[in-house]
Structure formats: structure tokens, C-alpha cells
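Okay, so chain A shows up in both of these, paired with chain B first and chain C after.
For the complex of A and B:
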């Protein structure tokens, strides 16, 4: 009698566990999907269609070339390291300047001209060998170099250095320099600096006279009559040149550990770069990418777009396309479609990955880009140059 | 046979149940900053679209393949701290002492493969952003890692340069929560931050001591502005927003105006967030004005300077502390004895944490070899130093390499700070919620 009862109860217990288990899993499934649906309705982003998880079709590069692609695709990569004449392998930035290419490395400025590299260092007159940023003045042709020890103007073969001791430069570490007509703007470790090359006067912008949370800045760009400063911890600071007025764009949720809504402003207040083109401001952060069209913000993360990684070192917009230097390769996008360039860990080959909506196509390339940790990029006509943690790469437009 | 099948089925269901539960990534936010679910911003209203710092970010750059240099005479480690021209000089000197002691002990134990360690000392105060320039100098000096600093602006500025230059950085003195929220994979913090302080103070003030109306007086510096943020957020979530937030400048000596405003709020407690000197003066003046409420404070008040200036008015003050000098552990006792023998004074929190931080750097170099990226890998792998037993206690890192180990409450009794464990961080229902139910 006792045996029968035990048997009966053990059956009931087992069925209870199974029933409860199935119910619990259903509850979890419901909870997760309701949460995703909330995001869909709030943010119009497809959590359920994570592009990183899309099945990857493979295609030959020649097939991709023939296909219609909304954004340019580059290939035929050629890579350069210290073995090829660069002063060092770590390249921070690159700028195409007519028939030559300027590369900022940790060990000096490298100039590529007629198939040869030439190096310039402090011995030649640079403020510091670590060259973090380069721009060329369209007005004068002068090359401006943001270094780790001051700002250098390279003009008519001469180097002239501006430091915080001999000029109004806010700080000697210049993370970004741009030329905007007669004006030169710098983003430094001690604020943003503006130098008028006609009057030779400096202006410094910090939290004391601009809506920055902190005095440190990381990126600067010009466009639409405005200057956009990536203010580390303070989002983006916009300066209208005509009115000399500032306004700031920050992440409205006010918290560093989350992004409450992705399309309500810049995705994070720690901004690392800005670039303006075609009416769009692109903002790089170590937490994702943002685009602002003057009215609406749009956020992009690696889980809901084709972005190779949320950790973005640099962004440059050319026309409708943004070139995004991440720690896991180069991403390019027009905001809808994506093309990513990545390198395999074990060899020199890699992949070109094209994401159009829910369609993902990967094509093998050999050689690929020099390294996945990308730090700077420039594009002109049919050529792209890329600065990476280990060398620089030159690619050609395939279509 | 049937019975066995049922058991197997039930076991499988249980396994699947718990694995599905673990896959629910959004719940991982509990790991960040040891933040209780209820303390998380917007928790009661909306799940965030994206939570950061759930998983430690990796460094994917090049450099691991670089070989150690040969023919080195010394292994250089950088030090960045307030040593001249700063209100934090006394803390900076203690920090330097702690780091120096660790280096000297390491060298007595054969250094790095018989090569002595050498501390490259840099002062962090000067022109705007000067800390970044000092990090560039350290790169030129070819340090393998560096320690710094205490001031939050200095530490932030140095951290940014660190990413460009790729030098491992260990921070042992800056409590700014946003410091490790920058997502830069080159830093560890080996001291509890103001997030932990804010949580502990809020729990102590509202849950343990049952205060309801708390006024705040805080320094008008970044230390005060950012430091009070986490306390303020939790106070709101507990249903007790600050009655008033009065600010004072560092170096100020007369706080009558701010204290008059605080007096008008009829608060049942006062929280002071600032450096020892100003906090002690505020305390004296508020008592003189007849305010008898219990007073609480931030951890920089745990100092001999505070006790000296505040005198008998310090009695009963409660603060948080990232260090318990009275902990009964042999490691701490030995450190205190050696420190006193070497420098002729008692170590403070900054000395003790610097000692732990420098020992961690030394061990990382010994394990990884002379390669900055490999040293970084060891410092941030969340294995090698997870649960590290230092003189300051057990060090536990969260996903952003922030120390979420123990924090203590310090109460002045008979003219001395007495230390006890901080209360657990839980949130009971607010009175409004109780009524609703």
C-alpha cells in the first residue's frame, strides 16, 4: 500500500517539475520578447534581426563588383609596415594630400610619395614624434599636425611649432586638428583651441566659457557653418561661427552605465570623434555610433546594425558614407547599408562583409587590411587609406 | 525503467530551465558596480535599450608579439600623484610612500629577474591637462605601467592619453565613478569609488538610522559634483531626495550663508561631502549655530587633519572609508609596522591602496614579462587579481575593472575613528509604495 502511494506521489512530483519547468520557460520567453517588442516600438530597431547573427552567404569579390551596391566597396589592399619604410607600425592617422599620403605614427610623420616613404621627426622640427592628427589647409596647402607635444605647421618645407608655453594652445596633446578656411581648430587634453591664421590670435574653449562638462576634448570637425567638438564626457558641443553661440548635445538619460533609448540623442556622453558631411553629423563613441541630421538622432550598436564593434576610435564622413574605425575592423555605412572590412587573426587574408537589410554576404580577400584595430581613415576619388595598430593599408574602389 | 525515464526528463527540464535563466543577459546588470536592482536608474519604469559594462571590453590592438628588450638595467614603473602645489599634497605623499615601500620590497625579493624596479615619479599638478603631458613623458621614459592619481580631473586626463600610448594604468586614489565608465581597457581601480560610498551612506542614513530629511553641503569641485551623484540618485529612489544642496569652495573658511540655508530646512541629518579641512570647519560652525542633527560625511574626512580641526565636535560623525586600519590581519599589521619604520608615520587609505596597487603592478610584470599589452592582459583578465588579498582587504573587480570590494563605516568615538562593516545595500519599500499596497 505504502509502496503504491510513494510511486504515485513520485509520478506527480516529476510531472509537476516538468509542468512548472515548461511554464517557467514560457514565462521567460514571453518576458524577453515583450522586452524586445518594447524596444521595437520605442526605437524602431530590429532586436530580433541582429545583423551579427544573420546567416552569412559567401560570394566572390568579382560577383560583388557586378552586383549593385548602394555604398562603395574597396579592395586590392596593399599594406605597409615598418618593414616597408614606415617609422613605426602603430599609425594613428592618415591624410591624402594630392599625390602624396601623410601618415602620423608613434615614431614620427611618414610621407608616401612616388612609391617611397620618407620620415620626419623632432630632429626635422616636429613638436613631438607622436602624430595623432593631420589636416591640410585648402587655402594655403599648409599641413597641420596635432602631436603629443604641440601643434606643428608644415609650410614651404619649414616646421613651426605651437605649444601651450609659446602660444594660446590649450594643451600640448592634440587629439584632433582641422582646417576650416583661415581657421585652425584643435581638440586637446585641456580644451578646444581656435587659431585665426590671419590675425594670429588664439581662443580657448573649456567648461568655463562653453557648455562642456569637463575641459577635455577629443575630436573636432566643421560643417554647415558650425564647428562640432567631441567633448569627452560632455557629448557634442556645437559652435555656430556666425553667432558665436554654443549648444550641446548629450545623452538625455544622464547615466553612463546605460543607454535608455538609442535614438533620443548621442548614444553616450564619452565621445571620441565627430564628422560632418551631406547634412549629417556622425558621432563616434566607445559605446556605439550616432548620426544627427539636424532634427533627428539615430543610434547604431553592434547588436542592432552592421557596425563591426561599439568601440570606435575615429569616424570620417565623405558624402553620404561614414567610414568608421573600430577595434574590430573598418565599417562603412550610409545609415542603412553596411560594408565591413576585417582581417583574419592567423593570416593576412580577411573578409569584406556586405549587409543590405537582412541579407549578409561575405567575400574572402587576400591580402586584407593591415590590422583590425583601426585608428584613422581617409578617402579621395577611388582610393582609401587606413591607419591601424599595425601598419597602414591602401585600397582601391571596386565599384 | 519508467521511473528512471521520468527522473531523466525532470533533470533535463531543470537543466534547461536554469540555463535559459542564465542566458537572460539583461539581468547581468546586477554585476555592474555591485548595484542592487532597485538602485539601478529607471529600474521601476523602463528597461534600458542597452546596458554597458556587463562584460569587460577587450583590447584588440597589436603589440602582444613584441619581444622583451634585452640589456635593461632597470624596470621602470611610473607614478603620477599630487606632490607639489595641490590641496591633496599630503594624500599624494602618502600615496608615494605606499608605492615606494612596495617597490623597495620587490627589489629586496630579486626585482624582475634580478633587474631592479625603478619608480619614475611625476607631479600631477600644473597647467590644464598637464597630467596628459606627464603620461607622454612616461612613454618617452619607457615605463611598463604606471600608477595614478587622486584628483579626478587629473586621472581622467591621464587615462585618455593612456589609451593612445597604450600603457597599463592602475588607479589607487580617485573615487570618481565615471573614471572607469570610460570603457578604456587599459585601467584598473584598486580602491572603492563614490558609487560604493554613496550606496553605503544612503543605506546607513535612511535604512539603518531612519532619517528622512537630509541636507547636503558639498564642495563646489568635480570631487563634490560627481561624488554626490550616486548618493543623490539612491536617496531619490529611497524616497528621500536631498532637502537642499549647498556648495562651498575649497579654501573657503566662512560657511555661515550656506549653513543658514540648511538650518531653514529643518533637516534631521546633514551630509558633508568635501575635503577634511573645509568639512571640519563646516562641522564646527554648524554646531556653533545650534544645529544638533547627526552629521555624516565623505571618506576624505577620515584623517588626522579632520580630527584636529573639528576637535570635540567630531564626536559621533559617521563617514564611509575605503580602508579599515584596525582590521586584524597579519598582512596589514606587517605593512603598518614596515611603513612606520620606513617613513615614521601611520599609513592612511592612500598609502595602503597605493601599496596594494603597486604590488599588483609588480606581480603583473613578473607574470607577463616586459610587454605592455601582455601586462594589461594580466591586469584585466579578472582571474589573476580577482579576490587579491591586499593589506586593504579583498579586492574584487567588476566588469569595468572597478574595485567593488569591501567598504567600511567610520564613526568618531572618543576622538578616534572606529571602523565597522557597511550595511548591506538593499532597498525597502518607500512609504508611498507601502500605502499603495
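For the complex of A and C:
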């Protein structure tokens, strides 16, 4: 009797395992299929990789200008390299400051004003020639420069340097600096640093006193009474200024290079930048882009959205639009629609790819952006400036 | 009692007296000699044992409450003076027609400056030791508001539209911009180092802010100080004009036409041995002139003379016709009168090279200084009547306002503010401290290198060329922290300020002993610390400072190893002075130094005394350990994380005046608590 029952139950168990396996595979297939329905099928797209189509660029740009676009589209690119007065071709960051543009390069700070470039280096008082990040205080007009050798306050021509040796700065390698009222925040190789310009006091946040995995921090931004720190391996660390409390947002899937469950949180723990605007936090990683509206997370990848590449160096949100610097060009998005700017490998031309809903249109442009490996971007009024690993680009809003 | 008995008793007493007198006198002589380092100082017990007492009752008995007028303003109709009584924490309203004090209005602690609004109905007073500005309704003579500022507000100015008040924060080196409608500080702009004076250009476009301390620079490099230019419309810093080889720019004024901005300044010669004072050039004193046009020149002219110096220029005012400037040379009790047209001519006729030479020319003042008007002790703030016919001089250590006729350039009256008539010993000492008459050719006063009785931030070469480069130390409350001098060679202030001082530094007759007694009494007891409002306003430490305190008192390193007792912070720097008053080797002896130990400095208000170490090599507290403490000889610190070092520095910056720790028994208990935890 007992043997009969065991045999019967073992058959049921085997059947159950097979059923569950088939069901799980079906679930995976369904998930993939659903996911693919959310983005574009390649065969519907008009691809303009063929150089023979380049002569059509003028007509296409005109068409774009006439069209109504949900997000701004930039064109009429003008590129600058060391041949045009930049101290070096490698530009890490760019910031529009009134009538001038500040560019952080590997060879110093370059300032573009009235059509001319002027360079400032350590000889002028800069902490280090490698300028990785720039922000301008809205309160005081002071320019804060995060360099590879310390933090520099550039105020009306005067360079004042804060280093890990002469101040409470956590580390001399500063990947990101922002001004938030009277406070200055830095993301450094030795933790996040907070400098109160009123009290002149420093605070350091590392894995010792904040929910970080490592002391390395790559990005920092402010918004909604909070500071959002992109912490290497630690996702996003949120600091509420009022309560002085931390919380972290990490990838629920763990430190994996695939997003197992979509939109369950930040897409990866290795974050490279944060930017907050219009109630949305945008998070850059080397494995995709995330957006957090305070309640829900949304992930974006090159395979399921218009994102040019999952490898994101920098993100800046301006109003509803995020500008995403990737290794394969610049992407811009409002979360639904996309515009990408890329450059051809073999010449100075490139294309602007516009994705609205299920439609994808590409337009040739010449010249295009300076290089596809984009590192920094800033936008103001009708102008966009882009820092790349080979030069700086200036674009204008197409009407 | 029989006469013989009386004689017997008297004789006995006399004999005992003789027996006590001679050895007693010998002991007293030895004691006084050891304290004064001379063998002929009068055996006057009260010199040390009365005038330097700090018990409250005795202190009140031997001292007096002076007003010490510091700055002043004149009403629009010229009938009222508004005088800052710095030591009385008050604003005095003075009837300028009848020379009478009408009201004494209590304001914050240690007020610095006063300005009036354009209508003349409101006065703003910066309270330097309260970190705020008192707003006074002049009709009712009442304080109607108190506005929060940065640390150590000094000079004040109103924006051209009078909607904003600018307060120059001398201690935190920035400028508070206060919205007068919301009564809130809306921003702080970084200025030069230790700013005090400010003035808005006549066209209302640019605010000038002076600085007193020079920008940090290694010894040997030329120093410079910043004049910060602020755009009044955007309220952002538009320029920082570097004033080369100069510092202590106390105040600045514009000509009415706005063609020139003129500030007072000192050109120190700290790179040459200070022993060479008899050869001239310890300090030179003058004015800086900034042309207000595109590409305008920055010129410096000395107001000294070849054999007579006019140190510590403080305030400057310019007559309504723009032809005459008056400078208070506070170190020699003189108002220097400057012919501005002569200065304009000199500038017009001189090449840039010539002007550069003039900045060091002691004779050039004969071309533009037209008169020296002697005043009472320590002239500071100046103000002109609206018609420019009268010049009012705040005589800080005279408690008077001197009135000068600007046409005849003669003193016509003095307004007694009603302070004590007697001059106490400490007051006399303060006068001596501020006066350069005891220095060869009046080159400098004690105050010159110790402005505000603190320190000027510079390093001086006190021995032969290149030997013993030392940073100036603060004199605040040093009375109980012997020995003195960087190497602790002076066991008392008597020795420090007595014979050695005149022999090595002033190169003149030494102080007579009455004056030396007075100077020592003042230095020992008369110089107070400002409250540490920036880092420790109420005595309660922040979390970071508490962690830093634990590190300061720790006996074990991060790995649990015992730190040798002589390498713990607390061993050499115990409260209340945070000095064990002993000598130590902290591994920072320079090759050019005599081979000696260093006096362990007190750490009270140490945040206010950069640069650090005996020769000022460390620009910040952090550098003491990050750059100059790599061998762990100056405390055991190299196991600390950066967060811990920040905490330690944060705690050090929180240290206050010694009295706080003497009165706070919790400190030792807290120390024990942290030690045991």
C-alpha cells in the first residue's frame, strides 16, 4: 500500500517539476516578449547608416525643424579641439556660466568668451590641471572646480584650493562638485564631502558613516531637500538635509549585469552620476539608466529604449529632459521620447536619431558632435555644450 | 609701662625688623630679579601682586570702565555725533553743538562701526563679538532690531537702493548681504583675509572691501592682500585686486567724484632681519590708491618720513571738495593731512617705474602730506561734518572726540565723553602698547605686529639674516602661560617686554619701570579673547567635536595599542590653557633654527591664529599633521582616518577662552569619560 502511494506521489512530483519548468520558461519568454513590445522593433526604423544618404541631411534637418518635437532637438554643431584653442582635446565637463562657457579638460580649465578660448592651469592657481567637474554658485557667482588634485574655488579671478592635506576635503580626486545654496558637495575617491561656506566646516561621508559599499563616489546632485550621491557599488545614497539621515537605493537584483526584474529599483549598484529635476531623479550607471519619481523606479537600456548605450558617463536633467552622456553618443529623453546624437567613425558627419513612440527617424548631420565618447553636457536657453574625449561641441536648438 | 621697658620693646622689634629686613630684602631682590631679568627693578610688590591680579574685586578696584571711542558718524545736519563706545558696548549720542553726551544706547558686545541711512533716521551698529548688527531708531534712540551676520562684523555699508545692508565679517573673512525687508542674511561673499573696512563708490555701483591679513604664502615669497570689489547690483564679487607687499588695509574711502579709491595700509619688511630696525624699514606706512577707470593703476605711497614714521594708519576720510584726505596715524597720535591734488599730479607726472619706486620712498610724503596734527591717545575713527568744515576724531584711549577745523587745520575743541578721569595702570599700559614712540624713529608699536592685541599672521626673521624665522603669536590672555617667546627663553612678560625688547627690537631707551609695570599689567590682564561664536557659540560641542575630543584625550590608537603618554594630545595640551607650559620637541625644527625645544603654545581660540607651528609653515591645522606630522612626533595621529582627523580639527577649533574651562568642571569629567570609553 505504502509503495503504491510512493510511486504515485513520485510521478506527481516529476510532473510538477516539468510543469513548473515549462511554466517558468514560458514566463521568461513572455517577459521578454512583453519587454520587446514596449520598445521599437528594428524593422520599423529608418536606418541611415549608409553614407550614401548623407546628401539628404539638409532636407532632413529642415524637416525636423518644422516638425513638432516633444523634446528639444539640437543641431548646427560646432566643434572645438586643441586646434581651436582648447588646451587639450580631452574634455571632462562643461558648464555654461552667463556669457561664458567653462570647460574642464585634462590640461586645465578652458573658458570660452566672446569667441575666444582662455586657459587656466596650475600656474594660475588651479589645484590640478585635470578638471573633472564644474559648478557655479547661484548665490555668489563663485565657480567651484573639482579636479584630480583638489577642489578649487575660482572667485573673481582668485583661485583658492582645498585639498585633503590643507582642509577637511575627503580626497583630492573629485569626480563631481555641486553648489546647493551655501553648501558645496563633492563626490570624491574618498567619500562624499560637504562644505558649509558659512561655518567653513567639512563633513565626510564614507562607508564608515553612511550606507555605502565603498568610499568611492562618482556623482552628486541636490533636489527636493535631499542630496543624492552616486556611490560606486552602493547605488544611490540619499541624504535628507533636514533630518541629516541617510537611506540608500540599491539594485534589488544585486550587483548583476542584467536587470532581472524590470523597474524594481536602480538598474545597477555601480552608479556614475545623479541628476534631479522636475521631481525626477535620474541615475546613470555603466549598465543603463534609471529614473525615480519618488515612488517608482523606471529602467532604460539600449535594448529596450532609445538609450544610445548602457555605458553612461554622466547625466544632467534640465526640466523634464535628461541629457545622457554615453560611450556611443549623447542621448536625451523625457522618459518616453528620445533624441540621440552620434558621430560616424570615419568622418566628421553623424546623425540625429529621433524616437517618438514607435517611430524612429534618423537624420544625417555634418558636422556632428565632436566624438561619441561623451563625458559632460550643459544646456541653457537655446544652446547645448557637450564635452567629449576628443573636443567640445556646441549645438543650437532647432526650431 | 616704664620708659625703659618701652625702649626695650622697641629695640627688640627693631632688631627683629633688621633681622627680617635684610634677608627678606635679599630674597625679594632675587625674586624680582628672576622675574624681570634685571637687577635694578624697584622692589615694588604691587607691580606684580596688585596690578596683575585677576580676582574680580581687586580687578574692579584697580581698573576703570572706559568708553574707548572707536568709530563715529555724523548726522545729516551736523548737530549729532554717533560714537561707538567699544569698551562700554554702547552707542553714544553726542550733541555736537554743545559737546555733550545725550544718550548712551546699549548695543551688542564690542561694537565696531556705525553708519546712518541716507535719511539719517536709522543707525546700524556692527557688534563684533555678538555676530550681529543693532538697528537703532534715532528718533527714539532705541534698538529696534538685531540682524544676524557672519563672524566678527566690522565695517558696514548700505546698498545704493538701501534695500540691503553689507556687513564685513572680519573673523570669518566674508561679507554678509542682509535683505533689510526680510531682515535675513541672504548670502555671504568670500572676501580677502580679515576684512574690516568697506565703502560704496559714489556712483553706487561697486562696493570695496579691504583686508588686513595678507594672503597665505610661504615665508620668503612677497605678500599681498586683497581688495574685494563687489557688484552692488548683482551682489557678486566682480574682482579681487591684489595689493602687493601690503597688508593691514583698515579702511577705504572714495573721492566724491569717484576717480580714486584710497585706503590705508602697511608695507611690512618681514623678510629682512627685524634686528635691523635702526637701519629703518621694519614697517612702512602709507596709502593705496586705486584709479577708478578701465585699466586704472594701483599705487602705493608712504606717508612716513625718512626719520619719522607714522605707524598704524587706521581711518581715512576725504573732504567734500575731494582735495584733502585725513588719515589717523593711530600709532603716533597724529592726523596726517594729504593734498589729493598733489597726489594726482604726482601720479600724472610719474612713469609706472617711478611710482613703483615711490612705494618704498620715505621722502615722497613731503610732496603731498601738508600737515601733521597732534591728537590725544590713539586716534581711530574719523568723520567729517556734512559741510566738511569740521573733522571729528575718535581718540580711543583718551575717551574724547577731538574736533579739528579743516581750514585752519587746528584743534578747536575736545568733547569729553564722560569716561573716568583717572588713568589706571592698565590703561597706561594699553596706551604704551598702542604707541610707537618707544621704537626707533617711531617705526612700530606693539600693536603693529599684534593688531587687536592678537597677531598679524606674518613670520618675522628675529635673528640674523635667515636664522630663527618665527610666526607672531597672539597676546590674548597670555598672562598665565609662561614661559614666553617661541623657544620659551623668557620666563616672564617683564623679561619679554623689558630690556631684551629694547635691545633687540625697538633699539631705543628701554621702558622706564613704571611704564614696564603698566605694559605688563595690561598684557597680562587687559587682553581678552573674543567669544568663539563660529565654532563653539554656547559651549555645547557638536557630534563631530565630541568625537574629536575623544581623540584628543585618547590613550590608545585605532588598533588598541597604547599611545606613549608623551605623544598624546592631552599630555602637552591640557586645559584650561591647553598647554602644559613646558618645552617640547615636535620634530619641526628647521635647519635655520637654533637647536632648541619649542614652547608649547596654548590652544585657546586656536582657530583664529593661522598659520601654525613656530615658523608658520602649516597654513591650516590639518597641515600640522598631513604634511608636517608624518613621523608622529607631534602627537600620534597617523593611524587616524580622514574623518577622525576632521573631527580632531573640528574639536580644536571649538576651544574657547581659558576662563570657560576653569569654570567648567564638566571638562575633566568628560575627559575621564572618553578616556574610559
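Basically, the second predicted complex is superposed on the first by the 337 of 399 C-alpha atoms of A that agree within 3 Å, B and C clash if a C-alpha of one lies under 4 Å from a C-alpha of the other, contacts with A are read in each partner's own complex, and residues count from 1 in each chain.
In this section, a contact is a pair of C-beta atoms (placed from the backbone, for glycine too) under 8 Å apart; a residue touches a chain by one contact, two chains touch by 3 or more.
Here the structure is a predicted model, which is why all the values come from computation and not from measurement.
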Task: Winner by number of chain A residues touched, once chain B and chain C are compared - done: B
Open item on the list: So in the superposed three-chain picture, is A:201 touching just chain B, just chain C, both, or none of them (first/second/both/neither)?
Closed with: second
Open item on the list: Contact-wise, after the overlay, does A:139 reach chain B, chain C, both or neither (first, second, both, neither)?
Closed with: second
- [ ] Could you say whether A:170 touches chain B, chain C, both of them, or neither, answering first, second, both or neither?
- [x] both
Open item on the list: Just to be sure I read the superposition right, which of the two partners does A:157 touch: chain B = first, chain C = second, or both, or neither?
Closed with: second
TODO: Considering only the touch criterion stated at the top, classify A:311 as touching first (chain B), second (chain C), both, or neither.
DONE: first
Open item on the list: So in the superposed three-chain picture, is A:270 touching just chain B, just chain C, both, or none of them (first/second/both/neither)?
Closed with: first
TODO: Using the superposition on chain A described above, determine whether A:69 touches chain B (first), chain C (second), both, or neither.
DONE: neither
TODO: Please indicate which partner A:122 is in contact with in the superposed arrangement: first for chain B, second for chain C, both, or neither.
DONE: neither
Open item on the list: According to the stated criteria, A:189 is in contact with first (chain B), second (chain C), both, or neither; which is it?
Closed with: first
Open item on the list: Identify the residues of chain A that lie in both the chain B contact region and the chain C contact region.
Closed with: 164, 170-171, 190-191, 206
Open item on the list: Which residues of chain A touch chain B once you look at their complex with the stated criterion?
Closed with: 7, 10-11, 14-15, 17-18, 21-22, 24-25, 28, 31-32, 35, 38-39, 42-43, 45, 89-90, 92, 128, 130, 132, 148-149, 164, 170-173, 175, 188-191, 206, 214-216, 218, 232-233, 253-262, 267-268, 270, 286-288, 299, 301, 303, 311, 327-328, 371-373, 388-390
- [ ] Show which residues of chain B lie in contact with chain A when the two form their complex.
- [x] 3, 6-7, 9-10, 13-14, 16-17, 20-21, 24, 26, 29, 32-33, 41-42, 46-53, 57, 59-63, 127-133, 136, 139, 153, 156-157, 160-161, 164-165, 177-178, 181-184, 222
Open item on the list: Applying the document's contact rule, which stretches of chain C touch chain A when the two form their complex?
Closed with: 150, 172, 174, 186-190, 226, 228-229, 234, 236-240, 534-535, 544, 619-620, 622-623, 626-627, 641-643, 645-646, 649-650
Open item on the list: So in the complex, the part of chain A that touches chain C is made up of which residues?
Closed with: 139-142, 153, 155-158, 160, 164-168, 170-171, 182, 190-191, 197-204, 206, 208-209
